[in-house]
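Quick one: the structure is below, and I'll ask about it shortly.
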Amino acid sequence: MCLAVPARVESLDRAASTAVVNLDGISKEVSTLLLDDVAVGDYVLIHVGYALERIDPEEAEKTLTMFDELKGVEP
Amino acid sequence: MCLAVPARVESLDRAASTAVVNLDGISKEVSTLLLDDVAVGDYVLIHVGYALERIDPEEAEKTLTMFDELKGVEP
Amino acid sequence: MKYVDEFRDGDKARRLAELIRTEVNPEREYRLMEFCGGHTHAIFRFGIHDLMPENLKYVHGPGCPVCVLPAGRIEAAIELAEAEDIILCTYADLMRVPAGRGDSLNRARARGSDIRMIYSSTDALAIARANPERQVVFFAIGFETTTPPTAAAIQIAEKEGLSNFSVYCNHVLTPPAMRHLLSSGEAHIHGILGPSHVSTIIGSQAYAGCCNDYQVPLVIAGFEPLDVIQSTLMLVRQINEGRFEVENQYSRAVSQTGNRKAQALMQAIFEPRAMFEWRGLGGLPDSAVQIKAAFHAFDAEKRFGMQAIDVADIRGCICPAVLRGVSDPVDCKLFGSICTPEQPKGACMVSSEGACAAQYSYGRYRLGGKSEI
Amino acid sequence: MKYVDEFRDGDKARRLAELIRTEVNPEREYRLMEFCGGHTHAIFRFGIHDLMPENLKYVHGPGCPVCVLPAGRIEAAIELAEAEDIILCTYADLMRVPAGRGDSLNRARARGSDIRMIYSSTDALAIARANPERQVVFFAIGFETTTPPTAAAIQIAEKEGLSNFSVYCNHVLTPPAMRHLLSSGEAHIHGILGPSHVSTIIGSQAYAGCCNDYQVPLVIAGFEPLDVIQSTLMLVRQINEGRFEVENQYSRAVSQTGNRKAQALMQAIFEPRAMFEWRGLGGLPDSAVQIKAAFHAFDAEKRFGMQAIDVADIRGCICPAVLRGVSDPVDCKLFGSICTPEQPKGACMVSSEGACAAQYSYGRYRLGGKSEI
Amino acid sequence: MSRLDIERGVVEMAHGSGGRASAQLIESLFIRHLDNAWLRQGDDASLFDVGAGRMVMSTDAHVVSPLFFPGGDIGSLSVHGTINDVAMSGARPLYLSAGFVLEEGFPLAGLDRIVASMARASREADVPVIAGDTKVVERGKGDGVFITTTGIGVVPEGVHISGDRAEAGDMILISGHIGDHGTAILSSREGLEFATAIRSDSAALHELVAEMVNVAPEIHCLRDPTRGGLATTLNELVRQSGVGMQIEEGAIPVRAEVRGACELLGLDPLYIANEGKLICICPAGVAEKVLSVMQAHPLGRDAAIIGKVVEDERQLVTMKTVFGGLRVVDWLAGEQLPRIC
Amino acid sequence: MSRLDIERGVVEMAHGSGGRASAQLIESLFIRHLDNAWLRQGDDASLFDVGAGRMVMSTDAHVVSPLFFPGGDIGSLSVHGTINDVAMSGARPLYLSAGFVLEEGFPLAGLDRIVASMARASREADVPVIAGDTKVVERGKGDGVFITTTGIGVVPEGVHISGDRAEAGDMILISGHIGDHGTAILSSREGLEFATAIRSDSAALHELVAEMVNVAPEIHCLRDPTRGGLATTLNELVRQSGVGMQIEEGAIPVRAEVRGACELLGLDPLYIANEGKLICICPAGVAEKVLSVMQAHPLGRDAAIIGKVVEDERQLVTMKTVFGGLRVVDWLAGEQLPRIC
């Protein structure tokens, strides 16, 4: 449930509480009403035209690092 | 101006002040609000969906008779 | 078609025409104004003029409701339709009549206004009943023939309490226009083919004063070709005999006093309008009707505060002179080149009763020039 | 696609799966409920189940907003759209969901109701602004992820004084449903793949009590296939180790406390609903929200006096059992014959998150039978 | 196989999606009625063999309102209309294609009736519909059903029929009463309803044409006077050929009912549409022979010679009225609408 | 001669009346752009010579919204679409016809742009539009412009391409990236607007096809994956041929932007429409040769072998995911709509 995709914030219109986000060459205006302190360059999760939450790059990195335990495993 | 055609009254709906008139096989419902005492069989002049006036058969006959003075005239 | 076919007999027409040819005085001119567009249409559609002697000329009159409606009143209707969320109902005849700047109801409709063509005033009522949440305005035009049906609609709307129905009233009166034409004398008319269906309502006596005052004979003439030719003969005889009476060729439908019920209905709903602008004739006092104060709720001009709009004359269009019987359509430089029924510049090129349209669509064989699409 | 492609790496997926295969205890069963339809979809779309050991089974949960919406509430929306001159706005997902008697919003639209699909609650506001003379009703559905955008729309409408906008609120809450499932115990679940995007709003702590009370491990899992597989491994390990903690695999988007701003907005506009009917689960107390009294003007149920409608269950459809994790779609006799995504009988055959639709559209290669159109 | 509820169902957007719903609609409705090997084959294009020679192609979009009218419906009309346009080159029609634009919400029962009627017309004419396409538009963006048909045919050796071949001296023939189709449509149009026994003349004229070109391959022009009526079609031919025409009002067959309806609404039968009539222009020498063949065919029973082609650099169609007066018969200007004056 | 105010005018009912206004519209707009001897001739049907052989006929109704989109418009689309359907039989397209349904009030400037674009597409493809028809419907009963085009073509000797000829062992090729057209349309659809550099792939594929059948007349099937996308088109072929198919997700060319748009809206590129791509199914022995020819052509530069035909009495299309998992690739169900869950 709840389709949401991570997209990069390209620009912000703080007065209107909107941002233009980009997802692999697709730009779309979304509402930032649900998020304080969004910054250009942030990755945010987009759901029904709203930015739901920021993606934390360090946590993402950590998760990816956990895959390193796969080294040596033969599929 | 004022396109109007003579049509024969086929039936009457006195309550609704309408008549069904017939013009060479074309039947159409018209309003009789502008005419008192319309009778089935009368020919009436139809204009914008209203019966305007009865055609007087005797007067029509008289007019046609006037054409008789044409007898003998060579076109 | 009973009461139609008998009056379209070609053989009788030729005999009648022959009689006219023998009776006309070759030394003089006979300029007969067909007041009504209905006669204009019959003359061209059936080719009556070809049957007439050279010195008898039909002069077109102002009796075409769409032709005499000033562009400004169409413009006002378009403005209303564009400004308010209304349904504007009107007779199809009006759709192509030029308003200002090449505009028309047709084009306003194409641009998005809700403009609907109706066949009868009862259709406008039906639309109002079916759309209670919207205002329905009936753009009404016409002479005394078409006025009673409008009056009937207002009466019904009042009875039903149809609060979303109103009428943009543009009904005009025949006798004042006729008086105006005769008083100016510019058209040099020797006789008048009098209105047929208008007269069924107002009666033949309505013209008596006019004929007397201006010493012009008038024959109330039916719209079928034999009616027109017979009435022509009657006029020729009056002229030859120096009479200026009201005669009634169309006695099968027209009485002396007209349709009293329709007259009463008109009087119940309408009252004279102090001044009304006619295309061609200018402002004429007491030449039109307006909705009485008691029915103001049904008067679109009042309800929507409609304002008269001034639309500049079309450059080169001589409609005004054509409608006064002073000029012939072919005198117009735009006729058939810039102005055609497809892209009419003036109102007279729209209705098939308009003198220019009748001339162009039916009478062009008399003229030169290649026919273009 | 950053933060997407890294989590769809097929090679890593196979290695992770291998690890799971080595770590599972071949002597026991692992029944893991993917609570969310998003996980169901990922499992079938990417073919994750084929990578899993035989004794590890994904059990589908009720986490698909359109699947759990009772037919009666769709029926009520259709009745409203047909009775009043409204514009009904809704997410496209809802359009094909069966209401009673084979009806759907799609069919109501085809019959003439003005039903419009929107992408965002802001679109519903835009429609309301563009149609001030008509009532615009937003048929809102969804879990805690989709609720804040609805709250935002109501807040904006109030600020703007948008008096023709209202919301038919069908937002439901995740933890009560989860508790209900665990308390019944019928699904025999050993671990839960916890909601990803719901958790971005409500935070990971929201499940702590649940896990404790029912001694079931839960891993909040992202929706990408590697997320699902990694979370599966994490669950296997908890199960093997006898732990029942809330772990957060989706830490890149989910914090312990969630999105406080979104939570505050929800609390400003909504309040718990004493009782809400779920398809499959029945009436659950405090399992949904309703619009607070202060915003009743924006509550379509209040504004239009909408009544709950009882729609009989579809004969043979085992959606309720599927949504409770008790049955598998293929246990349904209608599956793939009478019931297909084209002509769904139950809600689970509509959304591509619905367990039946996912099974049919993506997983049918495991079954026999010729594919029909 | 049919999962369509033809009795109670309506057209839905999904029926135009190109997916399974589209396939169901095509199989259980279109192919069921129009059944032939080409449609069953289900390819993007349909294959057929031809011999070397001259072919023709013609297309017409059909948007009639109302969809069902006395004497036909949009289905039969769309078959007849295109067969006729192909036949007006003297050709033998071979195949038709049909493109449908359906409005969301249109009852499947109505569509079923239309396609059945189309299939009947196609069978009776022996011209199969071998290719088709269906699109669905949202409610309010269409008007029930639009059908665009395209036809191809082969022209017999020695036949050279075209609108630019009318010559001074040629005779002008009409295959029967004019105005029936337009009158039938008017009679059932909303807000204008009147009762009449008049039915649309909608019919496929290719067999009549085949007999005509058989006896008189030297026919110069054939054309079906559809939209715009006899008047407009004669003007088209006059313009193409650079000639003039003179017709006789009294010679033109018009039914009493059509005249009646025209008088009532202020219309002219010359401008009323026909869908089963043709105008033939041929050298005077063969006119009587052609007329006999026409009159011997059920669809030309009331055929008549109505005038002749003349030299006229003004390119006018003129008509001798029953009075002996003369008038121009012009192109239709604007739309053909009822008038009050 | 033109009395049309193309710059500021709009379509009026009279333009569809069949009278003088119709003639003006056709002469000053349609014929001006699509100019050729057939249209200038002005007959009901257009004549051409053919040699003996096998011909094909195909038709498509075009109702795209919006009418203008990145990379094309309904005019070019209506030419490409039908040329492609003709070409998918291996045929060389010869001629097109076009039937227009115009909505009252549509700007003539927009119509002019559409017809100009159509003319350009037709010229570039060297397939003339030789017959046409135009109807006008009242405002609110259409959607600007609908265009139904029909095409005919000739099939070269030795070519036998049909959707029912796929055989187990055949290879499945796609001529390039999928989903461009549908993504471009979505990006400009009201209420869904997003910015992207993606343009419709709308293109005429007949020259590519000519080269393919030239090197490999033994090609079994060709089809353009339009509405319903690659997924639905493969299912159609599976059904026609009574086989199964296995494709490789990783082998299917999809642009990043198309994937992005699909992720954002919850769609699947496999179901997104294409208007300049083809699926080719051929014996494995010629697959590489066909692929080379495709890749050497500008419209097949990114062609790829994406899978193979297998025996499968269940008639399923299955796909190996990039994971190594397997999934069914089903027909499109309902419409392709953005989803939230």
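Letters are used for the chains, namely A, B, C, D, E and F, taken in the order the chains are written, and counting of residues starts over at 1 for each.
Keep this in mind: contacts are C-beta pairs under 8 Å (C-beta built on N, C-alpha and C of every residue); 3 or more make two chains touch, one makes a residue touch a chain.
For each chain, UniProt lists the protein as follows: A, B = Hydrogenase expression/formation protein HypC; C, D = Hydrogenase maturation factor; E, F = Hydrogenase maturation protein, carbamoyl dehydratase HypE.
Since this is a predicted model, take the numbers as computed values, not measurements.
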If a chain touches chain B and chain F alike, it appears here
C, E
Looking at the contacts, which chains touch chain C (Hydrogenase maturation factor) and chain D (Hydrogenase maturation factor) alike?
E, F
Centre-to-centre on C-alpha atoms, which chain is most distant from chain A?
B
With centres defined by CA atoms only, which chain is the most remote from chain F?
B
Counting shared numbers against all numbers at the contact of chain E and chain F, is it over half, same, or under half, different?
same
Centre distance in Å when chain D (Hydrogenase maturation factor) and chain E are each reduced to the mean of their C-alpha atoms
55
Computed distance of Cα centres, chain F from chain E, in Å:
30
Any idea how many Å lie between the Cα centroids of chain A and chain E?
61
Can you work out the whole-Å distance between the CA centroids of chain B and chain C (Hydrogenase maturation factor)?
21
Going by the touch rule set out above, which residues of chain A reach two or more other chains?
1-3, 5, 23-24, 47-48
I need the residues of chain D (Hydrogenase maturation factor) touching at least two other chains; which ones are they?
1, 4, 14, 37-38, 64-65, 91, 106, 119, 123, 142, 146, 340-342, 353, 373
Could you pull out the residues of chain F that touch at least 2 other chains?
13-14, 19-21, 23, 256, 259-260, 263, 266, 331, 333-334, 339-341
If two chains touch, include that pair; go through all of them.
A-D, A-F, B-C, B-E, C-E, C-F, D-E, D-F, E-F
So in the complex, which bits of chain C (Hydrogenase maturation factor) are touching chain E?
1, 4, 8, 10, 13-14, 37-38, 44-51, 64-66, 91-93, 95-96, 106, 117-119, 123, 126, 142, 146, 225, 340-342, 351-353, 357, 360-365, 368-371, 373
Touching chain D (Hydrogenase maturation factor) in the complex, chain E uses residues 1, 3, 10-14, 19-21, 23-24, 27, 104-105, 139
How about chain A: which of its residues touch chain D (Hydrogenase maturation factor) in the complex?
1-6, 8, 23-24, 31, 33-36, 43, 45, 47-50, 52-57, 59-60, 62-64, 66-67, 69-70, 73-75
Touching residues of chain F toward chain E in the complex: what are they?
13-14, 16-23, 41-63, 65, 84-86, 88-89, 91, 95, 97-101, 130-135, 137-138, 140-143, 146, 148, 150-153, 155, 162-164, 223-224, 226-228, 232, 236, 240, 271, 273, 331-336
Under the touch definition given earlier, write down the residues of chain D (Hydrogenase maturation factor) that touch chain E in their complex.
106-107, 109-112, 340-343, 372-373
